Structures are given as structure tokens and as C-alpha cells.
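What follows is chain A paired twice: with chain B in the first complex and chain C in the second.
So, the complex of A and B:
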């Protein structure tokens, strides 16, 4: 690896947090070969984003670099002052941020934000030439009609479109190096693929080097030539992707690979392939008793032209004691469907039966009684737990709300629940901030189970968690289901999660169910083109 | 790009782009809606104060009798209070008085003072220019000053400078206005003799009261601007996207953050205008000036209902107009509000 465009040597990055100093990167050394895509992978807290930000000197104010060198094109850029470093940004190093929604100024037009790059880079091009370049660049990232785009504001565009705009901005000054920080993690899979494709397109056209920060091994394996594995601020392993993934030398890399069923023997399996390999034993026959039944449900928000149809003739059945997965991308109506089942939204038409009761006709009191039997676990374990309560308070809250048993009985129940979700009993007095994401999600599960529900709605229960933790939480959910005979209604965007846990699946798109059946049918013998596209990811 | 399938995204660009003419149309829709709202607010303010004032103990006739300068030396016992009340219309039924007042509003006639018979519009015309000069000048100065202070509190590299600049406005707003006024008089009028200490006539008499109020306004503006600029600087577009293009901190502040940080400033600006027109009585007393604030206090003391009501109407109009301007300002500054305003219109029509 002789021709490295970027060489980081013994880089240490620290964050000051009220009187204490945390080391985010500890003597990290990496090399980024010119003209290739280098993926930096690791779980949350591994320091991969810190590394990306340190290279372009965009660390938050409490971040500091006490030691190390960053050689870009043979020059240690750490020796440059902030002012001298600024001309490198944009012109020599481009950056694609993580969150496309927050990364564009909401009050300026797309055109103005694209032109700004040229202005800040002191581009010698005439305004007409700039305009021409912008239109070409926009076509390159996949916009067929770029002229109409320039006078629009960010809020008028979808997340995927905004991210492709940001890709166009990053490449606009033809930098030698572009750093993309989790460019697709906030996007739906198929949209994310478009964004990655646009990055590749721009990279090959302009002969740039790309550093791709990601937590997704399949994505790294598909898109990168080289890979650097970071673990808690230290480089665990680095090398060509094919070699590292085929023959991981470091224990951590092996653990990462094991948690991702999608990457095996150095290549990415399709969801169907991974599913076929997976040994699940013989599945028990599905019960004929139905826990949830939706029949021709319609739901519309707003009226007139401004309204949106969230559910259009949705019919489904969930056998008791099984896991049903509703799969769809954002805006597909899957969350609305789960809210209708929970009685939080009422259907405009059609019937919703949960545990034999017609949810639409229930009075407030009856609905409350039904809620005892139908509980929910939400996506974000960071927002769904009250930070000021101890775990005892959080898990015990539904018991208090429904006035179950005496205080001593409730305390015993909390201990029992902690054991069920495999957390130490001593954790009862801890508060959410002392727990990791996976542990918090266990607490959310324990809370949902506190009043012994029969149905649990799982709304993206693992999508905010690292891959290794995802697997643990899914295993736990499976064990609890077998022990308590629960029915799960799983809402997710990730077909890979479905493959592991669900017996029946429905794929939803724009308010309609486009495919429905047993997991075997849907994953191995999909008929709908959209389902096939999702499976091909 | 060869094979982009936009299938998973919402139908792209289904609404036309936003040319200048749509901006104008959207804004004029906002204005039309606001005008109806404005009329309702003024009507409600008049009615509420009318009935509230009616339940106040005492009336202008009694108040007038209590003072020899209005009644002169006439023998009070000979006076028939009811005749006097008839003269000024106070013996009519409550509703008759109310409807007469409302009808007067439409004619632009606010009645005349119960105390000295002068037309309310004349009294207002005397007091208003003084107040407008004071309020207008101080606002004109406080806006740029407020922005300057706010930029000083967020832009400099030195944390010390930033913290100090952020401290100044909070310190200033916590000082009582009359105290600053007296301090200014002592310093610039008595000790240095630069400006007169009071009066309403000369232009130089305006300097000190304008300075006190302009600094107060600037401090208030700076306070909201500092916090909203800090928020804006923390957003991804300002902390990552713009610097990654090569923008300096000042460039980012100036070109990206100022406009977006101006929303809370606009709200405070509206409040400040109202404060300046109705609530400068302390400053008027300290600098012995005439003006709306003083007129208000005097007429409330004299239970001069028509004057008080006239003032309420004028202030309500000012508040409503200012708030309307603020709302228009919002929709000019924020493209997201423009769109929302127009879609709600479409849905309701």
C-alpha cells in the first residue's frame, strides 16, 4: 500500500465531559489508498464517526487532538491553523453527512446551497458555467429533471433526494478525497442503495478516493475495497475487504461477522440465501385461533389534496402464539397499522379485531381493559424510558397504573421481570442513563410484559441497536415468546430481522399490502416486484 | 447515473416550483386572513375594556367634582349630578353607551374626554408624536445594536469574550428602567451637561430617553438572538455541511444562521413595539415628557372612560398591525410556513 492519499498516525482524540476526559480514539493509525473505497466499520462508540470528523477537523467543541498526525497528500494537516485548513475543505476533501434531513439549510433553495460550494471554493467558473456544472452534477447523482430542483426548498424533497443533493455538494469541487459518514443509515434500504450508487458514479467519474463510515458489514462488503475495523477507539483489523471478511484475524471482527448473518465466507448473502442457510428446525404448526384480524381497513389523514392515505384495504390475520411481521419502508403505513391495532387511531372503514374484540366499537373503559392485554415496545430505547425513574419505577409503572397487587407483590414482580429479560436484580435501582442501548430495550420489554399481556406490538424493536446486540434482543424475545405463549406483532423495515423471527409476513407499500404469507413463501418464493427488490438488497 | 429507480420515494416534484409570484400569492393570502383576525381583535379589546371599565367604582362626574380645577369654585351642592351625567351620556343604558361607542369607532370618532370635553382624537394626536418619536428612534437603534451584541456573543474565538458579551444583555435587562434613567440624567445632564434632562420639545431632549430605551431593546433582542444563534450553530447544516464546503464561522453565522435565528427575534420585536407604545410611562415621568403612557395613567386616575377606551383602541390597532407584520415577516423568512399557509387555505376552500 504505497500510494496512500491519507495516512493517520497514532491519532488520539479526546472529549472533555464535565471535568473528565474520555478517550474516543487511542493511537489510531490507518492508511487510505488512493482511488479506492475504504470502509471504516465498527459499532456505536467505536470512534468511527470521530475519526471521520477529526480528518476534516469538524469535531465538536469539546473534542481535542492531543497527539498524532494526519497526513493528507503527504502534508501533516494537523500543523495547519484553522484558517489555513479551511481552504482544504470542499476543494480537496468533501464530506457527506449522516442525516440528510438536518444537513441542508431549511430556508435556502437547493440551487443556492449548491452554488455556495463554488463561491466558498473561489471557483474561477462564470455563473453560467457554474449553473451548467450543477445541472450536470445533479444528473450524475440521478436527478432526471434538475432544472426544476434548483428553486425548491429542502422540505419539499424526500430524504433520499436530499442525500443525493449532499453527495452532489461533496463532489462539486472535485475533491481528491470524499468522506461519507453513514450516508445511508437514516434512509430506507432501497433509497440508500440509490445514494450509494450515486456516490460510486461520482467517484469513478471524478477519480476520487472515498472513505465510507458504516456500521453495516454487508454494505461495507459490497461497496468498499478496503476495510478498517474499529473497536472502542482502537484499530482491530485492516486490509482488503475480501481478505478481512473471508479470514478475520481479530476476535472482534469475527464477532461482528457472526452477528451479521448476511456476510459469510467473505461475501454478502442475499436475505433469501441467508434465510435458507439458517437452521430453524421444524416450525410448530400455526394455531387456528386468531389473535389479531384486520379486514379491509382504510385510514386517511387530512382531507382534500393535502391528505394522505395511510392504509388502503389492509386485511391480515395473526395466529395466536406466533410472530407476525409487517414489513415496509417509511411512509408505507406500517406504523399507522400498529396504532390502529393498539386503538390509538381509529379506522375510517373496515373492522379491527384484537383478541376477539372489535376495537372500533369499544368504549373508553373497554379499550383500557383491552390495552392491558395488548402492550407495545417502541423503537428508541433512549426516548421511551423516563430518565428520572429507576428501573423499578419504569417496570412497575403499568402495575401501578392498573393497580395490580400489593406493593410487595409488585416489587416481587419487578424482580421476576428483570430475571425474565436477563438483567441482574440489582439493576432495579439503576436509572436508564446507566444502561447500554440493548439493556434499555430489555427494560422496555420487561415493562411491556409487566401486566401479562397476550399480544405485544414490537415497533422496530431492534433497529436502533448494534448488530451484535440486535441478535441478543431477538433471541431474548424468542425465548420469552416460547415461555409465555405470546403473540408478537412485529413492525420493521428490515427483512433480515423478519427472516430470523417471524412465522408469517406481510409486505406493505404505500398503504397497501403487496405480499402476504408464511415467511418461507415470502422470502423464498416472493412474487411481487417490490418484495423482490427488498430481498435483493 | 444509469439505473436510478425512484420508485421508493414520493412522486418527485408533483407540485410546481416556487417562483416569486407564488411567494406573493401565499403572502397575500396570509394578509387577507390576518385582516379579518385584526378587526376581531380590535373589537374584542374595545368590548372587554368597555365592560371592565364599567364595573370600576366611581365615574368621571364624581371624579370631576372632586377636583376644583375642573369645576371651578361653583357651589357643588347646587349641582345636579344626573344632569351632568346626562350631558356626557353616562346616564344612558349600558348597551346604548356601548353601541354608541362602537358606532363612533366606525366613524373614526372616539368621543370626547369626560373630564375636559376635548375630543379624544385631539388628545391622542397631541400625545402620539412624542411617543412615536421615542419608540421609533429607540427601535431603529436597538435592532442593529441587538444583532451586533448577539454576534459578539457567538462569533469570537475566545470563550472569554463570548461569555462576557453574552452577560451584558442579561445584566442590562435586569436593571430597573427608572434607575438607568436617573443615572443617565445624573451622568450626561447634570455632571457633563451634554443633554437636557427632560422636556418634550427639543430634539436634544430625546437623546437620553432614546438611549435608555434603545439599550433596553437591544439587550432584549440580543438575549433571544444569542440563544437562537447558538441553537442554529449546533444544527448539522451549520456545524457540518457549511464548514465542509469551506465556510468560516462568521460566514456560516451571517449567511445561514442569522436568518433562521431571526424567528424568535421577530416575536420579541412585536412585543417590544407594544411595550414601547403603551409602557413607556416610567421613562416619560423620569424625563418629564408627555406621551401615550402618561395620558393613559392620567385618564385612568380620572376615570376618564372615553379617553381610556380610545387609548385601548389605538394600542390594540398597533399591536394587531405589528403582529401582522411579524407574521408576514415569518412567512417571508421561512419557506415552510408559506407552503403550510397555502395548503391549509386550499383544504378549507
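So, the complex of A and C:
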């Protein structure tokens, strides 16, 4: 048996919901080897966060542990009372939360919050020593000027900086074990890498064990030594990363790996490698007919010094019948660009042509007519569907709005659309809350296709979905495109998605397009440094 | 005061937003409502049934009244007994029958007040909420605030002195005052619902403004407004009673509850029931309405 710092045996966690009891973890047994990074991976609902919260005893009030043991350093901590457990937290077990925005107190300075962690742990250090240690710790997580940082407030810092401060807090008492719950999922890719780097540096320096909760296989593969795969509250598979990823024994692990084009034969491929492997057959030549053309578009929100520039001289062309991907991080202006194309925002300067029409000069009625031909699928299917309507009402909305056909014809069309997005016809009477995320996104796609548009704007269509579901939805979109000859304008932060589906790509940063070309050019022969950094992730 | 009544939780989508994970479990939950929800629904039903009974009595008071509310058919100040359930008043009228007939006046004028408030407030609220910050929103906002700055009773007194006393005028006056609260509430929820992605999705689907409002915004506004309406209904009842009590609403010999309380208070020392029983009736109805408002809000 290996030297395990943490051993969980037959742990069962339940949540009370009204008079019902849901089992989130069902007799889970895991071992976390000392001094290593162990990744717990799984999709939403797999119980991975519940496991992390059970270990640090941060389960919500309706959570209960009817059975099992959590042995930390050989002691079953479940036997401790809440009060006796508290000294463990922080001092022996550190925690890096998922959401850096919500996890720092907005009314107190960074310095005060760092000092608080020493106070709460009853640190024997003198104030001067504490100050000294805080400064070193901040340097360790990558801050070059920690002195001024101490006097600043959380809102003055970016998400990545806040997350690195939370890393510093988690390691501040030199705990033997640090649990990081999806520490990068709320952050942009490049920023997330900095955070992971800071975790690794702190870990090696202080010789800690890290448990990394994540849904991202590539991240787990690259950062962890051991991996535990959870599926619906049960451990599917566990073992060293290299072994599990190279030779998965469990069906679910295989399905997870298959859904991620980035992990193959036990290692992470670069985006370019994954792209090169991808069998795309013989790509049809791009049409010379242009569906969307932007020429020198500027867009600014607010005025004066407080304003932000969302688009600065954006020019692009989308060939008809192809998929164009606009890639960028949050705040790059990519969503604004899609909204300008849809006529939801007006450009300050430049021309926006969609299907031969100048969007900026259209009257309200003409814009409405254009919308018959340009539809949109939003990022979150949890927010884009009216919870009070049945699927028939949601999918039929454009048909009703444009008064297409008779009511019987519309009902038939809804049935046809459900079939197209591979949902059972009986779902027409269901409401969104009865559906999973992937199913909801299929409904959103069906609605967008109802009036047979020529262009569909896809605004991060899969980023709210689990990996296995992402692959299904992308496949579905591809099939529909081939069948109906649609033009897709895809907005995404994920170059891996782009490599899968797009023929032409533009990379956007701070309102400007930094690189543009065919997918081959951009992925295999990138010239811009920022594009290269994104590709290196 | 009305600002604090604005719901601080997102309307509509809140429940729908939670995880996509164990779908089977979620579906099972949606199909079979848990016991607590059933209990709450049952309690709402009981309360609504009570309210319905009151409405029936208000429409057909003679069904349950035992005497003519205006006829002097008993010995003055008879205490409650078998023939006169609530006793008689200072000139021998049956108090029970007067309270029953008074319910009609109270309930009808409160309904009128709330309808005025709801219609006026919703129109103002929707108009200003659709384009927050527009000149229309600003004009309506200033107007609402101006009305709010005047105490409700003072406003009612001003309307009554201009248009004459009586339950009808009092109800309109109260309704005008209450409309401001509705306007604020509706404006808030409309602004909030407009930020829902599905409202924008409706627009990109080609839905016009009327369709967007009726299909996507109003159903999500409906719940908080319904609950607020029940609350305001109780307040309107109280306000109308107060105006009558002060002598600005109904006048004797009307059996309006405020009038009954005002008339009976002189005799509190030796005939408590003349003032206390109508007072209890008013309290009971207001509590019932408040409870309904609370349950509706909980249900949401």
C-alpha cells in the first residue's frame, strides 16, 4: 500500500431536497498519495465537487454523510466535531475555490485578507514575520510587486490575479494537503495556465499534496500524477494518469477520452497535432460568394475615459456555406462582433453586410425580414429558453412570429425539427427544465433552424456543456450544415473546437483581429505571438 | 416602503438554471412534487377557498344575513346570543347582518382600488421598464415619485374633498396612491426580465414587441405582481376602512366596517362587541389576504 495522506473509504453523501434524498456519492473509496497531484475528473453531476466539499467539510446544509470514513494523516476526521475540525481547515488542509470573484471579500484589502488567514490559524508568527511571509508567498505565485498589491481591493484585480491570491491564501499555513476545486474553469485559458503554474510552484516549494478537481482531461493529464474518474457518484476508474489515459479499463473513461480530441495514447496533443490527426476528408473549396462581410467596424461602449473599445477596425469575410470561427478570450470583443452582425448593436463606424444587405442602414421592418435568414444559438441553453413554454412553443416561436403556414403545418414542422436535432417527438410537450443541458441546446438549435435561415450565428454553442455532450452537439451541427448548406458564424474561446469544425478562422484580441485565414494557416502556420500562445495551451 | 417589496431574487429562470447533471433525478423531481410543496399548495387552496366564500357572501349577503341591516328589530345593546349572533348596536340593529352587508362594501371598494392600482401601475411600469432611461421612463419616474411624496391618506383626502365622499371615490383615491407601488414593482421586473437571454432570443426569432411582452415578459412578471396584489388588497381594505372611520368614506347608516367601528367606539366600555367585532372581521380578512400574498410568494 502506498503512503496515502488522505484515504476515503465507502463515503456516501446525500442531499435532502424537500422530502427526497438524492445520493451524490455512493460508497466512494479513494486514496490520495502523499506529495503528488491527484486529479478528480468527471462531468457535471458526477459528484466531484461534493467529494471535495465533504473532505473539507463545506457541504451545504442539506448535505449529509450517512456512511463512510475520511482518514486524513491516519485519523478519521469525520469523528471530529465541527469545532474540533475547524483547526484542520487552513492549517492542515487548504482550499482553492472555483469562483475567484465571489471568494474574496470586496470590502477589505488584499493584505487584510491574507493576514486574516494567519490570524484564523492562530499563527505563532510575529506581525513582522507574517508580513515577510505574505510578501514571499505573493512573489511565489507570480506577483512582481507584492507591496502595493497589499493595499488594493479585490475589484481592482483581474480574475486571474484574484485566483492567484486565493492560491497564496490556501498555501499560507503550509498545509499538507490543498484541494483545488476547478481552479481555472472561470478563467481564460492563458490566465488559467498562470494559476496552475502558481499552484505547482507553491506545491513543490512547500512539499504539499494537491487534489485537483476538474472536468478538463487535457488539464488533468498535464498537471496530475494520479487520476480518479468519477461517474454519477461512483468511482469508475483510478490510477496513475499515464496508465489510465493510455489504457482505460472502464467504458466511461473511454467515452470521456474519445470526446476529447486532445488526449490520445496517454498524452496531450497540441491543438495542431490534434488538428492534423483529424480526418476531415477532402474539404470542399470555399465559395467565393460572401455571406457576411465586415469592413473597418468600430464599436465603443460608454464615452470618455470610462468607455471601452469593443471593436477596433474589424474586417472579415465569411464565405457562404462554410464555418467561420471567431476566437478570443473574454473581453476580446468577439460577442460584440456577433451582436453587430445580428443587428442587436449598431456599429459606430464601418460597414456590416449580411447576405448582401447593409445591416446599419436597415429600418426595423427590413431588419426583421433579414432575421428570417440569420438566426442565432446562444451560449447557455439554461438561459436562452423561456422556462414557462413547452418545446412546441419554443421551437415554433419563429414560425408563429413570422406567421409561417397553418397551425397544423407549424406543428408538423416542429415535429420535423425535433427529429432533425434527434429528440423524440413526444418531447414537444415538455418544458426546458425537464431536459439536460445538451438536450436544451438541441432545442435552441431547432428553434434557430425553424424558419430555414441561411446563416446561423453560434455564440459559444457548447461551452456550457459537458465534454461528451459537446462532441455530440458539434457533430449534430456539422450534419445539419452539410444537409442544409448553412453558413455558420461561430464565436468561441476554444481553439480545439475551431480545429474540429471551422474552415476559416479569425483570432481576436482587445477589439482587433490579430490573425485571420484558413484553419490550416492559422492552426498550423500561425504568425501572431498571441495566436501561438493560444495554440500552445 | 414599496421599494423593499421588490423581489430580490431573479424571476423565472432561477430554478431552471441549476445543473444539467443527474437528469433522471431532476425529471423525477419535476414529475412528482415533494410533500412540502404539496402542503404549501394545499394551504393556498384552503386560503383561496376561504376568499372565494367571502366573495360569494359579498355578492349575495342575504344568503347568510339573518336580519335587514337597517331595520331596528332588537333591543339596543343586546349582547351576542342565538338570534343576534354578534349582538345589536346602539339602536337595536342586528350587528351580524350589518357586518355581512358591510363586507360587500369593503370588498368591492377594495377590489376597485386594487384594479385601478394594478391597471394604472402596470401600464406605467411596462412603459417605463421597456426602455429604462428613456425620456418616457424619466417623466413617468418623476410623476411616480411626486405621487409617492404625498402621504397616501392626504392624497385620498384631496381627491375626496374634490369629488365628494363615498366608498367609490375613496376606492379610486386609494387606488391612485397604490398605483405607484405597482408601477415601481412592474418596472423592476420588466427590466429584469428584459435581460433574460430568452427575451433577446425571441427578438432575434422575429417576435415583435407586443409578442415579446405578452409571451415572454408578462408571464414572468405575473407571479410577483400577483403576490403584491394580494398584499395591496389587504392594505386597500384597511385604508378604505380608515377613511370611513375618519368620516371621509361611507357615512352612517351605511354598514361599512370603518363606519361600524367609529360608531361603536363610544360604547366600548359597556358594549364592546359593537366596535370590536367589525374590527376583528376587518383584521381577519386582511390577515387572510396577507397570508395568501405570502404563500404565493413562497410558491414562486
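One rule holds for everything that comes next: the second predicted complex is superposed on the first by the 536 of 537 C-alpha atoms of A that agree within 3 Å, B and C clash if a C-alpha of one lies under 4 Å from a C-alpha of the other, contacts with A are read in each partner's own complex, and residues count from 1 in each chain.
Methods note: contacts are C-beta pairs under 8 Å (C-beta built on N, C-alpha and C of every residue); 3 or more make two chains touch, one makes a residue touch a chain.
Since we're looking at a predicted model, the values are computed, not measured.
Of the two partner chains, chain B is the only one that A:149 touches; chain C does not reach it. In the superposition on chain A, contact of A:388 is made with chain C only, not with chain B.
Once chain A of one complex is fitted onto chain A of the other, the partner contacts of A:519 are absent, as it touches neither chain B nor chain C. In the superposition on chain A, no contact is made by A:38 with either chain B or chain C. When both complexes are overlaid on chain A, the residue A:302 reaches chain B alone and has no touch with chain C.
Contacts of A:221 after superposition on the shared chain: neither chain B nor chain C is touched.
If you count the residues of chain A touched by chain B and by chain C, you find the higher number for B.
Chain contact summary for the complex, chain B toward chain A: residues 1, 3-10, 12-13, 15, 17-19, 235-248, 251, 255-256, 259-260, 333-336, 339, 343-344, 346-347.
Chain contact summary for the complex, chain C toward chain A: residues 12-13, 15-17, 19-23, 25-27, 29-30, 34-37, 196-198, 200-208, 211, 215-216, 219-220.
Put simply, chain A touches chain B in their complex at residues 56, 58, 60, 83, 86-91, 93-95, 97-99, 102-108, 116-117, 120-121, 139-142, 144-145, 148-149, 151-153, 155-158, 160-161, 166, 169-170, 188, 190-191, 194, 197-198, 201, 302-307, 329, 331, 530, 533. Put simply, chain A touches chain C in their complex at residues 17-20, 22, 43-46, 232, 342, 344, 368, 371-372, 375-376, 378, 380, 382-389, 393, 397-398, 400-402, 432-440, 444, 447, 450-451, 465-466.
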